[in-house]
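So, here's a batch of structures to check.
Okay, so chain A shows up in both of these, paired with chain B first and chain C after.
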Partner chain A sequence: MKVTIKEWNAVAAWRWDMPDDDVCGICRNPYDSTCSKCKYPGDDCPLLLGECNHSFHMHCIFSWLRQEAAQEKCPMCRQPFKSKNQEAETQDATPNTSPA
Partner chain B sequence: MFASKRLSKELIKLQDKLPPGIALVKADDFREWLMDIRVMDDNPLYSGQTYRLKFTFTQSYPIEAPEVVFVRDESHPIPMHPHIYSNGIICLDLLDRTGWSPVHNVESVCVSLQSMLTSNTKNERPPGDEAFVRNNTQRPRDISFVFHDNSV
Partner chain C sequence: MSSNQAAQADKKRKHSDRTIKELFTSQQKPNVSGTAPLSPSSKRPKLGSSPAEAPPTPEKAMSTASMYHFPSKRGNAPTSEVIDLGSSPDNSPARKNGVRKTTPNMAASAGPKKLMVKNFRPTRTVDPKTFLDQTWQKVDAALDVIFQQGKINFSLEELYRGVENICRQGMAVEAKKKLVAKCKTYVDGPLKQSVEEMLGRQNVDVLRATLQAWTTWNNQLGYIDWIFCYLDRSYLLPKQESLRDITVKLFRSIIFEHAKLNLRIVDGACDLIAIDRAGEDLDREMFSKAVAMFHEMQVYTQHFEPRMLEFSQTYVKESADKQSAEQSLPEYVKSAQSLMKSEIARVEVFRLDGSTKRDLLTLLEDHLISRKQTKLTNQDEFADLLEDNAVEDLERLYSLLERRKLGANLRPAFMKWIEDAGTAIVFDEKEQDGMVVKLLTMKRQLDTIWKISFHRSSALGHALREAFETFMNKTKKSGATWNTDNSKPGEMIAKYVDMLLRGGAKAIPAQLSRKTEKPADVEAEEDNEDVFFDEDTEVNNQLDQVLDLFRFVHGKAVFEAFYKKDLARRLLMSRSASADAERSMLARLKTECGAGFTANLEQMFKDIELSREEMSSYKMISEERNEKHAIDLTVNVLSASCWPTYPTVPVIIPRSIKTEIDKFEAHYKAKHSGRKLDWKHSLAHCQVKAKFPRGNKELVVSSFQAIVLLLFNGLPTDEHLNYEYLKEATGLPPPELNRTLQSLACAKLRPLTKHPKGRDINPTDTFTVNANFTDPKYRIKINTVQLKETAAENKETHERVAADRNYETQAAIVRILKARKRITHSELVAETIKVTRNRGTLDVSGIKKNIDRLIEKEFLEREDDGLYAYIA
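Then we have the complex of A and B:
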């Protein structure tokens, strides 16, 4: 018997590589969902992981860090909040800025 | 919008399950809530009493701290504590701009206040209470408290 596929629809699911039941500590929405202001999850509303290993929706942590009262500290552990990726970029850039 | 979404999540949880000694009294909107707390051990300063807390939220909650005060009526006194003024204003770092964190919530604030009372042994008001209560016209959020006492 010969089967000819006339049409097919692919369905894919995605999730952030995070613990199952975890929610953003700021908005309390799941990581796989959006912050309270966004409509579409995923790349439009990404997560940001800090050096302290605490993560939040990027929009949530930014609205916190924009406040003077935040003193640039992580809401969870009060260590200075630095994005892990940002740190890698800074390190890469260091040799270029050192005197010749 | 930020505040109402987060508060509706908190409300669902509060209506479902609360720690012992904490009760939701009124949450008709996302601006002002009333919570009752009781001290669960036999601290003689607070035994048998229920205290009422008023939470006032801004649109920016939880980025901005809620304003939290004790309120007095016939059945709810203001608890005696060296960091609680007799008009219900509370001097606690986590309620201040510099001590607040957006991972706190209504329940965690209630638990903190419960433990602040539980651990207290002094039957007194803050120094200068009478003058503060007479003269203060500021909202609690605009007062700059100096946190110096780490013992209570």
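Then we have the complex of A and C:
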């Protein structure tokens, strides 16, 4: 007998490329879950990775940065928060969202 | 002048005299105009017209007057030169009126003329008394002849004249007295006797004799009428009497109201009805004559009607009692209806009074329906009818009850039956798979019954829905739901919908398919008159019906879980029969349960769509790069949160596939940074080309099946691979490997052969290629194992739904407390049930447990007065 595979229909589930047990530093929800305001995880509630390598739910970090007291610093390490450029460009949802 | 006007004048006087004058003049004016039509000027034309009309009147008047042989004193001598005063005495009072009326006072134009009287004789001197006696003798003799029914050999005219003259002599009173006395003796005598002779016999005979007498009497009355016409008209009429009344009254008082006869006569008529009721031949003519007689004697409502109703009552009561005791419900309804029909028909045929009809109907309804209500709404027999789907019998029953507006009283029995039957279907653990089909059939039957038999009564419609809701939401911890109290109907409905969407119109069970039902229930389905159905409409119809059932289910969570699982399978294996049907189902669910319910499902469709785009762009890129792909790869990338959770099964993927997958993953990661892919190989499926000793085939298999098959590549047919080797080579955990091997070696189509043969896979088994594998088709699907839900999966889904419900309940409790701050236990439980009803409620003890859990987690606390308080 000779068997050759002609066509392969694979199924994959995507998730954020983060360690499994890590949580967003602001809302303490898992990265794969939503920020505290969203209802559905996934594209609607993306992550944002800073240059300091701290990542948060986009909605979480935005509402943090909007506060006066935050002074546009990462809440984890107090460095000025900038999203990783190359990612900001490739991620369709967050091209221009880096706070300037 | 009225006081009003005076008062007005008084008022005006205060101002000035002039105004009073004005007031008076203004008040007079309308008066003048008001009397104007009466003024001579306007009267004139009226007068003017009368002379023109007048000339013919006198002549006419004369001709009438001449009948009385009486000359008018003032009258129109010129026209009648000779007047014969005739032989009749002229002191009749009637004459005066007539002449005066017809003599207008306008003979002035005629000149004086000489009046000649011919044959003049002085007024007759005959004594009126003697005249009466003489005349009466004749009349008396004639009456005797008439009463003896002898031959009329005398001149009726002469008699008439005689009577007339008697009356004119002012002796009408005596004439009447004599006549009445004469009649009385006759009626009391021979006529009554003829009836009394029958007393010893049957009532009917008495009635017959009475009728006979009545007819005779009526015939004789004809003569009497003729003879005494003048008496009737001139003497009795002004006194509001009539000869006919008097004579009929005589008959009535003497014969009909005779103590012995009365009852017998009336009963005779009633007996006739009884004969008819007994089904024997009714003497129709006699009965209608009797009725006519009663009417003429004006004893219908007084004597006949009550008696007849009394008889009818006993009869109806007896027959109702008897029939209700002896007959089954449908038979009873039938006989009750036919009884009512025949009774009413009789009333109509004989034109009995409207009042009789009404009373009889009331009586019938009262005895047949109201008093037999317990029989009619009897639980058991009603249930039997429903059981037999006896639409017509039910219709009859309902219409019968509805006559007394009692149709709604079927409600308890109706609901009870639906609940019992429904519960039996829902908890029938042996035939879980047929549940939805059975429920649909039952629903449709009941709908038909409701539409046709119950005339779309709203009360019963509500009952139908309520009962459905009750039993559909009955839960029982049973083996079927793995000891969770999930609603089984929810699950089964989801599965039924899955079957419809996978199979399309072909999957519709025969007993529900419209095609088979069409000839039988054409009238039943009046609102679906289209004869031709394309597949989509058919499927849509089915979906609508299933959704009708779904609406009754409270715990929608179970349905959602299973529907999602099945939808995922359909999407990933591309097993949907029609994308349109899928979408329309989704739209239906959205309207039914809201957007929140379908958000995940919509995301699933979106994911599949996105993946398709992703794949085409990926393929374009690889083409540009001139990359060669050994395998046609398609990847569906899912957003994990929207899809059911799938376990990641460890498996060793063949190298060729692995490289392809890795290439795609690299591409995907480059495109979407920050993401990674979890491969769900258990969901993958593939097409393989296989060269069997007996021909080439194309197989559609699951990924695991393909991986196992690949291991047999190039092996001679007699080389055995043992279980352990397969396990190592595939890296599959034993349960998955067992399933896969079983599907390849023990199912209907067997590309592999197991040694030794048997149904179950053992770790000691070995496998060879099945050299004899063949199939008429070129393309063979053997991945059904993947499509089927295993018991373990089912259990897992149920348990997950049950667990989710705990979380949902806790969330609901917290929400309630956030809103209320402090709340009593019973209130909290009630609110929680209300809030969670749509998704599925826990029982009270379950809610209690969750409250305890929340107290442990310090979301709430118990206060001293037994209230719960929210801890912020």
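Definition applied: the second predicted complex is superposed on the first by the 73 of 100 C-alpha atoms of A that agree within 3 Å, B and C clash if a C-alpha of one lies under 4 Å from a C-alpha of the other, contacts with A are read in each partner's own complex, and residues count from 1 in each chain.
Here, contacts are C-beta pairs under 8 Å (C-beta built on N, C-alpha and C of every residue); 3 or more make two chains touch, one makes a residue touch a chain.
The shown structure was predicted, so the numbers you read here are calculated from the model rather than taken from an experiment.
Asks: May I ask you to decide whether A:M76 touches chain B, chain C, both, or neither, giving the answer as first, second, both or neither?
Replies: After superposing on A, A:M76 lies in contact with chain B but is clear of chain C.
Asks: Taking the superposition as given, does A:Q67 touch the first partner, chain B, the second, chain C, both, or neither?
Replies: A:Q67 contacts chain B only, not chain C.
Asks: Which partner reaches more residues of chain A, chain B or chain C?
Replies: More residues of chain A are touched by C.
Asks: When the two structures are overlaid on chain A, which partner does A:K37 contact: first (chain B), second (chain C), both, or neither?
Replies: The first partner, chain B, only.
Asks: Check whether A:E7 is in contact with chain B, with chain C, with both or with neither, and answer first, second, both or neither.
Replies: After superposing on A, A:E7 lies in contact with chain C but is clear of chain B.
Asks: What is the contact status of A:C27 with respect to chain B (first) and chain C (second): first, second, both, or neither?
Replies: Only chain B; A:C27 stays clear of chain C.
Asks: Considering only the defined contacts, which chain B positions touch chain A in the complex?
Replies: 1-2, 5-6, 9-10, 62-64, 97-98, 100-103, 105
Asks: Can you list the chain A residues touching chain B in their complex?
Replies: 25-29, 36-37, 60, 63-64, 67, 69, 71, 75-76, 78
Asks: Within the complex, which stretch of chain A touches chain C?
Replies: Residue positions touching the partner: 1-17, 32-33, 39-43, 46-47, 49, 86-87, 90-92.
Asks: For chain C, which residues count as touching chain A in their complex?
Replies: 572, 599-600, 603, 631-643, 646, 654, 656-657, 660-661, 664-665, 668-681, 683-693, 698, 703, 706, 709-710, 712-715, 717, 751, 769
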